[in-house]
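As written, the chain order gives the labels A, B, C and D, with residue 1 at the start of each chain.
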Amino acid sequence: MVILMTADCLKKDVAHVLAALKERRLEPRIISTAPRTVLGVVEEMSRGQVEDLKQVISVMPGVEAIEPFGASWKLASRIFRSERTTILVGRQAIGQGGVTVMAGPCAVESRESIIQIAQAVQAAGAHVLRGGAFKPRTSPYSFRGLGRDGLEYLAEASRLTGLPVVTEVLTPEDVPLVAEYADILQIGARNMQNFALLEAVGRTDKPVFLKRGLMSTIKELLMSAEYILAKGNSQVILCERGIRTFETETRNTLDISAVPLLKQLSHLPVIVDPSHALGKRELVPAAALAAVAAGADGLMIEVHPHPEKALSDGRQSLTLEDFDRLMPRIAQVARAVSDFYSEDSGKLNHILPTAPPKTFSPGLACGPNRG
Amino acid sequence: MVILMTADCLKKDVAHVLAALKERRLEPRIISTAPRTVLGVVEEMSRGQVEDLKQVISVMPGVEAIEPFGASWKLASRIFRSERTTILVGRQAIGQGGVTVMAGPCAVESRESIIQIAQAVQAAGAHVLRGGAFKPRTSPYSFRGLGRDGLEYLAEASRLTGLPVVTEVLTPEDVPLVAEYADILQIGARNMQNFALLEAVGRTDKPVFLKRGLMSTIKELLMSAEYILAKGNSQVILCERGIRTFETETRNTLDISAVPLLKQLSHLPVIVDPSHALGKRELVPAAALAAVAAGADGLMIEVHPHPEKALSDGRQSLTLEDFDRLMPRIAQVARAVSDFYSEDSGKLNHILPTAPPKTFSPGLACGPNRG
Amino acid sequence: MVILMTADCLKKDVAHVLAALKERRLEPRIISTAPRTVLGVVEEMSRGQVEDLKQVISVMPGVEAIEPFGASWKLASRIFRSERTTILVGRQAIGQGGVTVMAGPCAVESRESIIQIAQAVQAAGAHVLRGGAFKPRTSPYSFRGLGRDGLEYLAEASRLTGLPVVTEVLTPEDVPLVAEYADILQIGARNMQNFALLEAVGRTDKPVFLKRGLMSTIKELLMSAEYILAKGNSQVILCERGIRTFETETRNTLDISAVPLLKQLSHLPVIVDPSHALGKRELVPAAALAAVAAGADGLMIEVHPHPEKALSDGRQSLTLEDFDRLMPRIAQVARAVSDFYSEDSGKLNHILPTAPPKTFSPGLACGPNRG
Amino acid sequence: MVILMTADCLKKDVAHVLAALKERRLEPRIISTAPRTVLGVVEEMSRGQVEDLKQVISVMPGVEAIEPFGASWKLASRIFRSERTTILVGRQAIGQGGVTVMAGPCAVESRESIIQIAQAVQAAGAHVLRGGAFKPRTSPYSFRGLGRDGLEYLAEASRLTGLPVVTEVLTPEDVPLVAEYADILQIGARNMQNFALLEAVGRTDKPVFLKRGLMSTIKELLMSAEYILAKGNSQVILCERGIRTFETETRNTLDISAVPLLKQLSHLPVIVDPSHALGKRELVPAAALAAVAAGADGLMIEVHPHPEKALSDGRQSLTLEDFDRLMPRIAQVARAVSDFYSEDSGKLNHILPTAPPKTFSPGLACGPNRG
């Protein structure tokens, strides 16, 4: 539910509305304070509750209109926040117009190898180091990663190169440990609807890299982001990594239109992982360039010095040389489209009558109103 | 890896082979003791390790042959165990030939309603009471169940009716609490690859009801069962509950051939949940009867006295009257096919030369051998 | 558009309405004459045309109400015809309550083999002989059937056994040839939306066996049936034969709920082909029994005396012995459910206020009305 | 089967091998004449036939080696032809490095509108005019195009603008009529496996634009192209236009990796149709740019001056203004990637020992050999 206040409402009007909502055990949020104050209620209510609330609120001083949220996701929606979310990691501002490249091996295999790869991808221009210390595996008998040792090696590679680290966390109880080492917490595709895990990372102050499930819809991905946002962590990065279809030539089918669709529906940055989507090294460069041309805020790419010897997913890893050849090309495509999408983002239609709402600010505020 | 001992091997031959395997940090298991002793090694090994091991083991006294496991799942495979697994819950032996019917509401809504439903489904002939106390929900704002109170109400309904209870557990940390109240622990479709949760229920002594993920293959379902079995819990019930396809007339597409396929590949019982698969009440009876005709060991069916008022999934719940009309029909179809499938199960081909292996027995034994 | 006449309308009232519709180049159809006269207009109209027409028709004498068709398929809908369509082929009435079994090889391979198979399946109790003379093949270099010779052999096998024949027709120009030999014209899955072919078989007076496309929705299947019905051929049999999904253990996924769904939406008989759906012989019996339990009007099953030597699709063919063992079991399951579905069909809700409309009769009639 | 002749084979050696193959009712083709002569046999043979043939051919003078084709598609394969196929239409060479843009309305609606659109898209830089005169429609009651009149209007628009025309043909019998007016014959997605239609266009000398079926794998698309090539028409353009998946936010899912995959497996040009794939206008520009970045040889884009009034598929049509804004951006992305893919194509591995085979030439030739 979105509550639009009048242009000349008083601060106390806003306070009264907020109080009335809190009395009903709701947690109202201030969506915007200028040019108008707009309040949001994200909790789900029965039709009866909505009607009751409307009757009470609509007659309160300073209230102009009450409208339903246009989507089931709320905090993730562009209705809630029209400006794009930018996430600062190291010196990189993810979502601010450029292309953030996260590169590294599927799994951390040893101290030496992760340092070698980190140095190579940094030299090639990557911005973030990826690598799995805890690996989800279909079989209980497969290699599941080096665990805490892997985290240590990642941290050392990060210190030596200055690259921030993104790595996966598998269970709520591992969140504090992984958060100690990682700059970005990754939620894997299989865990996209592990709601306890989503809430656990939602309680941290680390950016979260949320991968779309293999058979999850775009809307479900946004609902899972909502779980994290609802716990107070606003730094969520969405990742398209391929969905399951009948086609067997590629491991999954990369849903390229997820990029413009997610950017239309949400203010969160969108990154594409072509390596896991396709499972074949030779298709990765074309898909990476396609993602950039479609407006993605970044790429996650698997790189390995000797893919044929990798402990997992070698078939899809680029060699260091391939990666090095790809990076300047990514930059060229990014330049060819950058202003196309930034122009575009000014053209969105909003539900609000006057102007797009401003950024969410957690404290109470009453913008340009009197009183 | 499967190790077949000779017909005249000595007990000490078996002991030596077991010791040689343990020295290599493997956990060998005795697949069969009569008419032949067969040992199994389930850990994944590199090709090099396999070759090394073969060289060492094949020349040991009493070893006749070494073969690879024919499947990535091992403890769940019929190679490992040719007899069907039967799971005792209350007075019901799931997997022993009849059809076990689990019925109840999607979510426990109140003490009164769950007791009313339990009494009704028991009167109609159901064997197990289902009902969710912890509900996974796509939206963080939806009703997530009554939690511990729901468990209490379920337990009371169980005491009053004598029906054992199956209910979902969402996180590893809730496992002890739910196991205190439930007779069967349910792992929902979204958690089928929540490996930490699988291992947590694998450490309990409660039967586990494992639902196939919306996006999961039959092989992945068996691999997830393997996670539970590998932790020592051999009481796993597999559940087909529909997969995601392009068809939008039904919520999901019930994969009916999963029943004969799972029974061909595994010794575990298979239950079908037509309610969640289809999402439309009027299609549930036909699909339930189809599942029984296909050889399912049981059904999970949602029932609600007033589906139109249910807090969740009312659209797919049978009324108590519908359920009452369906039960005798289930029995009729079960009778029409029962001996068809029991005949059939004797015809399986086994990898072993002489006779199907006997049931797994945890202690060391050396059957009819000398010594 | 459905036009309900008043209980006391005159024959001339009906004639006037029909004339008014024909003036507008529409082809009105009489859906029912008793207890009420109901007229149907199946052509698609713009919203403007609908409004114009309503204004004109609603004030004509004898008109009680005008309502939209509730579905995009019309002649195939239960709104158009509430009684089930029964199709007479030889001595078999498809759709009249029993289970019609169509059996035979994928392709006719020789005169001798098709006669041998026909005699065997007839002895086992099959009702219709299937066999392809024209085979659609993914590769232009594969065996495409014996063509006209195959049709001759089928006809001879039919004469010797008394079994009617169903065989596929691939192009509009082959329709007269195939119709000369076949009792039922089969439209294969790949041709479900070959609209020229649908219209060509729609112009014949032979029953049409219409297979669902591998990725066609239930609604699209009904729309394809509509193409045939709209050309004047009311004898359409719908066939569920599996859809494409991500699961690779079976060739396709048999959508078992298509059976109750199609019977809810349409009056046409529904047959299931488990052989093509699953592609594995050992899964066919369970799926066949499931289809019968779900209420299917029949089965199409591939049978071959030496499946391992079949020129196409041997992997999915039952042996003659398997088929012989399966037939009595099909009868048992059919008996266990038959009255369940016949009871059920009396319970449908209809749009008409008084009673279900009677069968479509092509001539003008005005039932129990005066005049 | 691929037959590699020795470097010093004589012309008569080649003639003898060809004669031996023709005696066996095969139609051998000359894959290459320099630097080596390579012969191809595309017909499918049983294992026995292959063995027989090998025995006979391998001992003939001038034969060095006999290998199986590496793929089920042959004439469409890069093994058969390593150079990229270029198709000349008007002044446009499709597949020669640039991006060919085909634009126009879904259906031709009137003489005036198609001329207006043709002039607008030509002014914006499009190379080919698209527009449907015969429309395949799911419902028999929907608008099915203007037919021959539509073809006349397209031809007139073509004369006025100089743009060649691509338009769909639905049945074998319409092929001569459509070929009279169209520069490129389009086979729609629903007809991708209408083999009689594929063979009919295969007998013409017009380029064929072959759309991937909604349910078809990449391999099946290539096999359908093979049907056309096998009839002697080597001018086939492949089109990715989205596949069916569970995602409902877009009409279909655009399989972007089909572009590099098809270019890896085949020498035929690849064009992407983002309009039909996504069904939402606002997602088309991003997907179009993605396709260009992935290396597509062209785009097919729906354009309509008043999409909200279009008789079909208005929801997915760009306005003329949108199209005008998109065209320069397409050129920019094309420039950013063009040499990336041309570099890449030199790196393919071939089965032949010395050098890539030259273009197929229909007459007999024996390149640089003596004699």
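One rule holds in what follows: a contact is a pair of C-beta atoms (placed from the backbone, for glycine too) under 8 Å apart; a residue touches a chain by one contact, two chains touch by 3 or more.
If you're wondering where the values come from, they're calculated on a predicted model, not measured in any experiment.
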Key: Which listed pair, A-C, B-D or C-D, duplicates the contacts of A-B in over half of its pairs   = C-D
Task = Look at all chain centres (mean of CA atoms) and spot the one farthest from the centre of chain A.
result = C
Inquiry  = Centroid from C-alpha atoms only, then distance chain B to chain D, rounded to Å. What do you get?
reply    = 49
Ask   = So what's the Cα centroid distance for chain B and chain C, whole Å?
value = 38
Note = Distance between the CA centroids of chain C and chain D (whole Å) is 36
Query = Hey, what residues on chain C touch two or more of the other chains?
reply = 215, 244-246, 248
Note = Per the touch rule, the chain A residues reaching chain D in their complex are 215, 217-219, 243, 245-250, 253-257, 259-261, 264, 274, 277-278, 282-283, 285-287, 289-295, 329, 332-333, 335-337, 340-341
Note = So, in the complex, the side of chain B touching chain D is made of residues 244-246, 248
Request  = Can you check the complex and tell me which residues of chain B touch chain A?
outcome  = 42-44, 72-74, 136-143, 170-173, 190-191, 193-196, 213-215, 220, 223-224, 226-227, 230, 244
